[in-house]
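Each of the next two complexes has chain A plus one other chain: chain B in the first, chain C in the second.
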Partner chain A sequence: MRKSFSSSLILSLFVLLMCVPFLLTFVYSISTEWGKSILPTGLTLQWYEQLYADPRFIQSVVRSCLLTFGTLIAVLIIVVPSIVMISIYLPKAEKFMKPTVLMPYAIPGVVLATGLLRTYSGSPVPLTAVLSGGIFIYALPFMYQSIHNNLREVDAKTLMEASEILGASKLQAFVRLLLPNIKIGIMVGSLLTFSTFLGEFQITNMLLGGDFETIRIYMLRVMKINGHLSSAVVVTYFLLLLMISAVIVKATSRKSYKLMAGQEETTLSISEMKGSASNELLND
Partner chain B sequence: MKRMKKQGSVELNKKIQRQAGACLFPFIAVLLMFLVVPLVIMIRASFADADDTGWTVQNYLTIMTQPFYYEAFKNSFLISLASSLAGIILAMLVAQALVRSKQRVQDRMMLFINMTANFAGVPLAFAFIILVGNAGILTLMLSKIGIPLLNGFNLYSWQGLAVTYVYFQVPLGVLFLYPAFRGIDKRWKEAALLLGAGPAAFWLRVGLPHILPSVFGTFIILFANAMGTYETAYALVGSNINLVTTRIAALVSGDIFAQPQLGSAMAVLFAVMMIAIVIIDEYFLRLVRRDMK
Partner chain C sequence: MSYLTINDLSLALGGRKILHHLNLNIEKGELVTLLGPSGCGKSTLLRAITGLIPVENGRIVIDGHDVTRVSPKKREIGMVFQSYALFPNLSVFDNVAFGLKMKKLGKSMIQEKVIRSLDMMGMKEKADAYPYELSGGQQQRVALARSLVVEPKVMLLDEPLSALDAQIRQQLRTELRALQKKLGMTMIFVTHDQAEAMYISDRIYVMNQGTISQFGEPEQLYTHPDNEFVARFIGNYNVLSGKQVRSLLGETNFEAGNGSYALRPEAVRTAPGTKSIEINGTVTDVNILGNIVRYAVKAQDVILYVEQINDSPDHAGIGENKTLFVDGEDMISLGKA
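On to the complex of A and B.
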């Protein structure tokens, strides 16, 4: 009894402390003024109105979304088949893929951005394309980890062989059989990649800075001008993150989702993935 | 006949492998364009003169002899060490409390922790500024009540930075530690108790040896994570505090003081350090895996 009490105390304290910055930012975004007295002087939505009326903000959201989804689609088209090929047919190449999981630690964003800037600044390649290529690299750990685990679970090699014996071509087997079976892995990988891309700051700031104002760059610029406005940006950013994540999860059809792993198992696998994969390193 | 068939299948296998290899072409092209070539060019630049020609080790000598540069490494090291030590201790407390609670609570907490892991960088720096910055709410409250708790605490100093780092270190640490803490089987404890060991003896002889490699591995990950942090530091202190990441960024992409060769050399040193850290970490993680088998 005492034991469970002390652990719930620790957990509650932890949750409370973790929630403080969230709540604080939210209240700050709806208060007229907060700073001269302990409680905010009044509540208002004026900051949101002001924010959504700012064309630069809308543009920054559009830019962030274009960069995020453009790169995510490229990752899905190029990386997913490659990981599948390597896992099934090229076991020798596997050992080159494993270190990618730790890559964000080994090659911090600042180092890669330095290399990219040396290579491409002043070249005809537009820096926005370079930026997209740079963040592409940091999607590898998430994609590899989640898809690789999923492939092992469904025993992909046997699946492919079985469908070929039954007369399917390789392409048919891949599209009609393998892809639906690793849907969850792809979904989890995309989710982690998506939140990393949307929150990208480091490489964007080093390569382009104010020339390509994404949400994060806009956030920092506004932070120095008006705190209330800035907290409205933060709140909007997290709402956007939540909404799009929900859409990605929904888009991966519910039915197969439950059939294959059970919902609880899936949510757990997202969290385990983060622990074992290299996590949100582009975000901080 | 049998042999021929086998030979045929080997050839078929080779053909499939060639085809599979060909499918990797776009992937390899992206890796070359945006990872391998830039890193090679960066290494070359780190050995170049100020006018981008010739070969010299002057850039490295400058970094090792001028305090302005080597102190960036020292500052990053100190902040990372402090924040990961605090982070790992708190994360162990939370992970231990977590595995003791009900399965449903555990699942929900893991989702919650995942969410908080996204709260880093500019939003985190901003939240800390409105909480304990110069005109922060907590600063204000405490000064009104007359408690000088925050006297001498400055958010824009390296202590302030370390405290802010702890905030994202703890959830990350819990995510990494959770599997190891879950791995402590209740039956081990029962067995140990039956054999006459007290709780202290159990932890000393069974529990700690089991989690120690993973605690150490996680500590190194937290350390590496703090070393590589750029956004939070940039948003909070700009370049007022000399850190490796913000220094490199200023050297490479700064408008006035750009010294890309020096920045490249610093980035190479930084990468070598980080790769060494990751290799040490791999060693400890392998220990964990061997324990589990």
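On to the complex of A and C.
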């Protein structure tokens, strides 16, 4: 009993710690003024009204979503088959893949952005495409790790062999057997990519800045004008993230044949992700 | 010509030679085991037969058709893996139906064949279950049903029982052998377990370092090993040099050459026979393996392993003397020096 009490106490404290910043942000976004007093002087929805009436805000949300989803789709189409190919048919390339996909972690966003600017400014390639390419590179580690682990877990090579002997072509085996079995890995990778880059700031700001106002750049601009308004942006951003994450989870796990272990892993990474995203946002 | 013929097959993986000029002949309805230690190339040979690994040179002929350059799906081969390799996203029924769907058979035909095949493996009740809901033994039964249902010409089994518990392993191997005989299925069974190989096979090919060391019926392999490797791998033989044999048996009693000799541990007896030679030694170790007791006896500076049925009255402990009798005819010359 005592053990379960203390563990639930620690858990509650942890949940509280994670939620407090968000709750306070929410309260700030609905208060008329909360500067010189302990409690807000009054409650209002005027900041939300003002925010949603601003066409620039709506545009920034749409831009962010288009950019992230577009890149995500490109990642899924190009990266997923590549990882599968490498894992199954080129086991020797694996040892080069590990350090390669980790490189984006080693290169700070500022350096990458500067490099991209120097290379592509003045070239016919539009900078939005360059931005998308930058995010593509940054998404590699998330995708590679989650899909690679998933492939190992289901012993993809043997599954391919078994299906080929049973008369399936490589494409049939990929679509009918491999994809459904690495769905969870793809979903985790997609969610990580999506939640990380919906709020991407560094590269976007350096490459395009005010010319391509994403939700984060909009928020930064508003923050200088009004704290309540930017809190409203944060809350909206969060709800949007939660909603889209829920849709992705729902869409990909309709049939839950997978072992419990796999699902626990997924939920864990989603909550982790939300936590890290919120910290990141509130730190700026 | 045999039903399945492998002629002068060689293969290298990543620059390393795995198989060297192999020849194999398997008749229709025969169960042949490839037996050897891990790393001897037996699984690679199996994959070469399926077509999953391309061969360097040599020919593979199945039922009169040269399939050496034919893709895996057109070879009409079934395969069962050690790790079962069931498709985790499909139910038991759909796993078994997969091969038939790939052949584009009609729905009612598939239904009928799948149920019959599952019934044969005693898995009909589990048709709607998913692989993760089944035990290892049940999963392997489904995997067997999945390969049998497409009626392959040859069925390959890559250590299919090695991941199972001892009891289930024995039960399944008995069933597998009965089923194979009933269906007249041609099977190649890979294992590193000599007891399993002896139990299940019509013939055994013993493999060592990518070559065939010896092949033949289990009885023949056991009683007449051709070389030291087979003698040690198949029967825990005592392998002795000519010099050791001379000092053990005495030069006058047995005319030993310079090559090595193999002596079965159960051929060393404790009671004298008509032509037996007496050896006196000291017991250095005793292991009880259930119905068999295994002694290590030191005589004339040679350690001799002796196996006896565990009801023998002349039981000896470590350090005690033991009198043994060996018949010169039981000494098998392995030929090479």
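Here is the rule we use: the second predicted complex is superposed on the first by the 234 of 284 C-alpha atoms of A that agree within 3 Å, B and C clash if a C-alpha of one lies under 4 Å from a C-alpha of the other, contacts with A are read in each partner's own complex, and residues count from 1 in each chain.
The criterion applied here is as follows: contacts are C-beta pairs under 8 Å (C-beta built on N, C-alpha and C of every residue); 3 or more make two chains touch, one makes a residue touch a chain.
Remember, it's a predicted structure, so these values are computed and weren't measured experimentally.
With both structures placed on the common chain, the touch criterion links A:167 to chain C but leaves chain B unconnected.
Of the two partner chains, chain B is the only one touched by A:24; chain C is not. By the touch criterion defined above, A:42 reaches neither chain B nor chain C.
Shared-chain residue A:223: touches chain B; no touch with chain C. By the touch criterion defined above, A:158 reaches chain C but does not reach chain B.
Which of chain B and chain C touches more residues of chain A: that partner is B. Of the two partner chains placed around the shared chain by superposition, chain B is the only one that A:137 touches, whereas chain C remains out of contact. Touch criterion met: A:85 reaches chain B, while chain C stays clear of it. In the superposed model, A:177 makes contact with chain C only, not with chain B. No residue of chain A is contacted both by chain B in one complex and by chain C in the other. Against chain A, the residues of chain C that register as touching in their complex are 14, 47, 50, 52, 72-73, 75, 77-79, 81, 83, 85, 87-90, 98-99, 102-103, 130, 132, 146-147, 150.
For chain A in complex with chain B, the residues that touch the partner chain are 3-4, 6-8, 10-11, 14-15, 18, 20-22, 24-25, 28, 34-35, 38, 78-79, 81-82, 85-86, 88-90, 93, 102, 104-120, 130, 133-134, 136-137, 195, 199, 201-202, 205-207, 209, 216, 219-220, 223, 227, 230-231, 234, 237-238, 241, 264, 267-268, 270-272, 274-276, 279-281, 283-284.
The touching residues of chain B, counted against chain A in their complex, run 16-17, 20-21, 23-24, 26-27, 30-31, 33-35, 37-39, 41-42, 45, 93-94, 96-98, 100-101, 105, 107, 109-114, 116-131, 135, 137, 140-141, 144, 167-168, 170-172, 175-176, 178-179, 221, 224-225, 227-232, 234-235, 244-245, 248-249, 252-253, 260, 263-264, 267, 270-271, 274-275, 277-278, 281-282.
By the touch criterion given at the top, residues 92, 154-155, 158-159, 161-169, 172, 177, 180-181, 255, 257-259 of chain A touch chain C in their complex.
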